[in-house]
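Both of the next two complexes hold subunit A, though its partner changes from subunit B to subunit C.
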Partner chain A sequence: MLQKIYDWIDDRIDITPIWRDIADHEVPEHVNPAHHFSAFVYCFGGLTFFVVVIQILSGMFLTMYYVPDIENAWQSVYYLQTEVAHAQIVRGMHHWGASVVIVMLLLHTLRVFFQGAYKKPRELNWMVGVLIFFVMLGLGFTGYLLPWDNKAYFATQVGLEIAEQVPFIGEALKTLLAGDATIVGAQTLTRFFAIHVFFLPGALFALLAVHFILIRRQGISGPL
Partner chain B sequence: MSDEKRQVSRRQFLNYTLTGVGGFMAAGLLISPVRMAIDPVLKHDEGGDFANAGIAIDDITADPQRIDWTIDQVDGWYESEVTRSAWVYRNDDDEIVAFSPICKHLGCVVSWEGNDDYPDQYYCPCHDGRYYKNGVNVPGTPPLQPLDVYEQEERDGMLFLGKIQPHEEA
Partner chain C sequence: MHKGKGMKFVGDSRISAEKTSKIPKDYSEYPGRTEAFWPNFLLKEWLAGAVFLVGFLCLVLAHPSPLEGMADPTDAAYIPLPDWYFLFLYELLKYQFASGNWIILGILVIPGIAFGSLILAPFLDNGPGRRPRQRPVAVGMMLLALVSCIWLTYTSAEHVDWETRAEQNKPIPPGESVVDQDHPGYAAYENSCLSCHGGELEGGAGPTLIGTEHTKEEIMDIAVNGTGAMPADQFQGTDEELEQLADFIIETNEAAAE
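Our next item is the complex of A and B:
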């Protein structure tokens, strides 16, 4: 049945080359943990992406209940934590996944660094990776505020004051982030929400696409 | 090499294994989010909460009168007071009936004798839907069902109304 549907579509629009191009590629021996167990270090990049997928999925579902408003943000989080079946698990996935992403990303970075895989011709991909790292930190920072509890509030206040230390543009930067020069409140929360679920994920998807296209074009770096 | 015993090829075996493991992982990943998303459908309705409609049983007459009262509504994390309305009257069998004023056509609000041309009928201004005094829709007008009725209860001489239910007879 599935085969027939596939054939019907493939017959008309020839999709086989498309997915072959994406899915079929050689994994060199030095990257395959079946040959050299130490090759598991090559998994960190893929694991980072896997956790990112978990973050996207759990985040999408969380927005079904979450409200980015100072009156209701905490209430809605409390409601989903206590009243909605499995919502605790989904929020747990998002909460812990946020930390695991950073850990995986750092392990991936360390592997690339110590293997010298960032060297010519892959410098550009290293730079894209660094940008992805910054976007991830931004996602972590903006997401931290969203439950609107005491920890979130005061952590954000500290974060905003760190941003204020930037020479010359510090104050403007803080106002831009918080939506108000002095208050961390209603406008800050909606701004952080918008940045967290629209702007940064958009940037992340674009950067990930470039990251993956580059690695496929250039191939995995050779054995040490 | 006899191929008699090789019913499952190496390729097939790997395909099945990978599909199985992949499916298991995807299912493990998605089961909680999906359960969370469909929670509103699976939540059972506690219901049966009767609220004082603010009218004494003795004040209900054979003429339908509109009553408004407020209930405490819990909507997820948001609690509020909302106004409910009903048309109550005493029917020929001396039973109290409380109709929901929501038209069964497209959900506008009906009024008793809402149009001078149709005395002794409920009238919906949106599409000229009409109902007889017993809540049954007038044939040939837009609504296809009789007006819904409130569950009711008498407490201390006052009328208490609960959930809205479909009109049974008719």
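Our next item is the complex of A and C:
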């Protein structure tokens, strides 16, 4: 039955080459922990992506309750934390995932660096990876404000003051992020929400796509 | 991909009518013990992912995510602290050469050089050798940067008392106010104490009054004569009002303890 459905679809849209491109490729011996246990270092990249998926899913569920405005943001997070079934776990996953993703990203970066895996011909993929790191730090910075509690508010204020001190573009940069030259308030929260939920994830998905396509094109770097 | 004359298509589409093989390639001809990703290796990867997920969920269950009190922009006493992975940048700005007149060094030049050389690493370290020993400069710089980041994060986090911080900034449940605004002592509290000790006695510039161990007489004495960092003469009014004020603080404490 399933085979028939698959054949029916395959007849029409020729799906086999598409999934073959994605899924069907070789895993060399030196990256397979089943053969060499020390090859677990090659898991860091995949686990980083795994945490990113956790972040996306838990974040999607959080937005079902979260309200990005200064009256209700904190209230909605408090409600989520105390009233909604299992929401403490979902928010916990998003909160801890934000830290774990940085740790995994760091380990993945160090693995690639110390193995010299970024050398020719993989320079471009390394640069895309570092950009992913920056986007992730941006997600961490903007997401920190959203619960609108004291630590969020004051950390963001300090962050914006630092941005303001950048020569020439500092004040414009602060206004762009905060929505106002002096006030950290309602505008700041909606801007950070938009950046955290739309702008940066969009950039992240594009960069991840390039990262993965390049890996598939070039293959994993050989053993040292 | 098959191209050219004589191709047959499905209907008027661009899908080739010729069947491609659905059997995965045989990777046994590749060097070493090469394996197919789908489905052989993926099954093992699921296992690694599952173990990771169990560990991650244990962390989530053991440590519920923190939430402090609602943001209060007027709270001048709050000491800001970024998330842990920004602490090293934050700590850097406390050094003399990276703050004040040298702030550009701290916020742009030093992080710019560090992150700039990170992204340009393949071009700075462009020799053919991949082993760490074949590129001592690159590896040495990375180790130096890593140790500095860990050191900066450590010195920044070292003197933070996380438990006291969490205790002082506990959220006040909305709609569960313990303050009885009709109490005769509330007016005196509002006039003399609220600006520092908060509308819910939760503290602010001054400490929280919930959980105070002072007796009524001591509270009356402190309101007039001050204590510790609190200056004298905060309370101004009649003796009767002073007594009502102390009653109010003690009764609010009793209500909060319930």
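The rule is short, and it goes like this: the second predicted complex is superposed on the first by the 223 of 224 C-alpha atoms of A that agree within 3 Å, B and C clash if a C-alpha of one lies under 4 Å from a C-alpha of the other, contacts with A are read in each partner's own complex, and residues count from 1 in each chain.
Convention: contacts are C-beta pairs under 8 Å (C-beta built on N, C-alpha and C of every residue); 3 or more make two chains touch, one makes a residue touch a chain.
Not measured: the values here are computed from a predicted model.
In the overlay built on the shared chain, the residue A:P17 is in contact with subunit C alone; subunit B does not reach it.
Partner contacting the larger number of subunit A residues, of subunit B and subunit C: C.
When the shared chain is aligned, subunit B comes close enough to touch A:F61, but subunit C does not. With both structures placed on the common chain, the touch criterion links A:S76 to subunit B but leaves subunit C unconnected.
Once chain A of one complex is fitted onto chain A of the other, the partner contacts of A:V166 are limited to subunit C, with no touch recorded for subunit B.
In the superposition on chain A, contact is made by A:V84 with subunit B only, not with subunit C.
Looking at the shared chain after the overlay, A:L131 reaches subunit C, while subunit B stays out of its contact range. In the superposition on chain A, no contact is made by A:L214 with either subunit B or subunit C.
Of the two partner chains, subunit C is the only one that A:E29 touches; subunit B does not reach it.
Counting contacts as defined above, subunit A residues 54, 75, 78, 89, 93 meet subunit B in one complex and subunit C in the other.
If you check the complex, the residues on subunit A that touch subunit C are 11-14, 16-17, 20, 23-30, 32-35, 40, 43, 46-47, 50-51, 54, 70, 74-75, 77-78, 81-82, 88-89, 91-100, 102, 110, 113-120, 122-123, 126-127, 130-131, 134, 137, 140-141, 144, 147-155, 157-159, 162, 165-167, 184-185, 221, 224. Every residue of subunit A that touches subunit B in the complex is listed here, in rising order: 54, 57-58, 60-61, 64-65, 67, 72, 75-76, 78-80, 83-87, 89-90, 93. On subunit C, the positions that touch subunit A within their shared complex are 10, 13, 15-16, 20, 22, 24-25, 27, 30-38, 40-42, 44-45, 48-49, 52-53, 56-57, 59-61, 63-73, 75, 78-86, 90, 93, 103-104, 107-108, 115, 118-123, 125-132, 134-135, 138-139, 142, 146, 169, 171, 173-174. Subunit B contributes residues 29-33, 35-37, 39, 42, 76-78 to its touches with subunit A in the complex.
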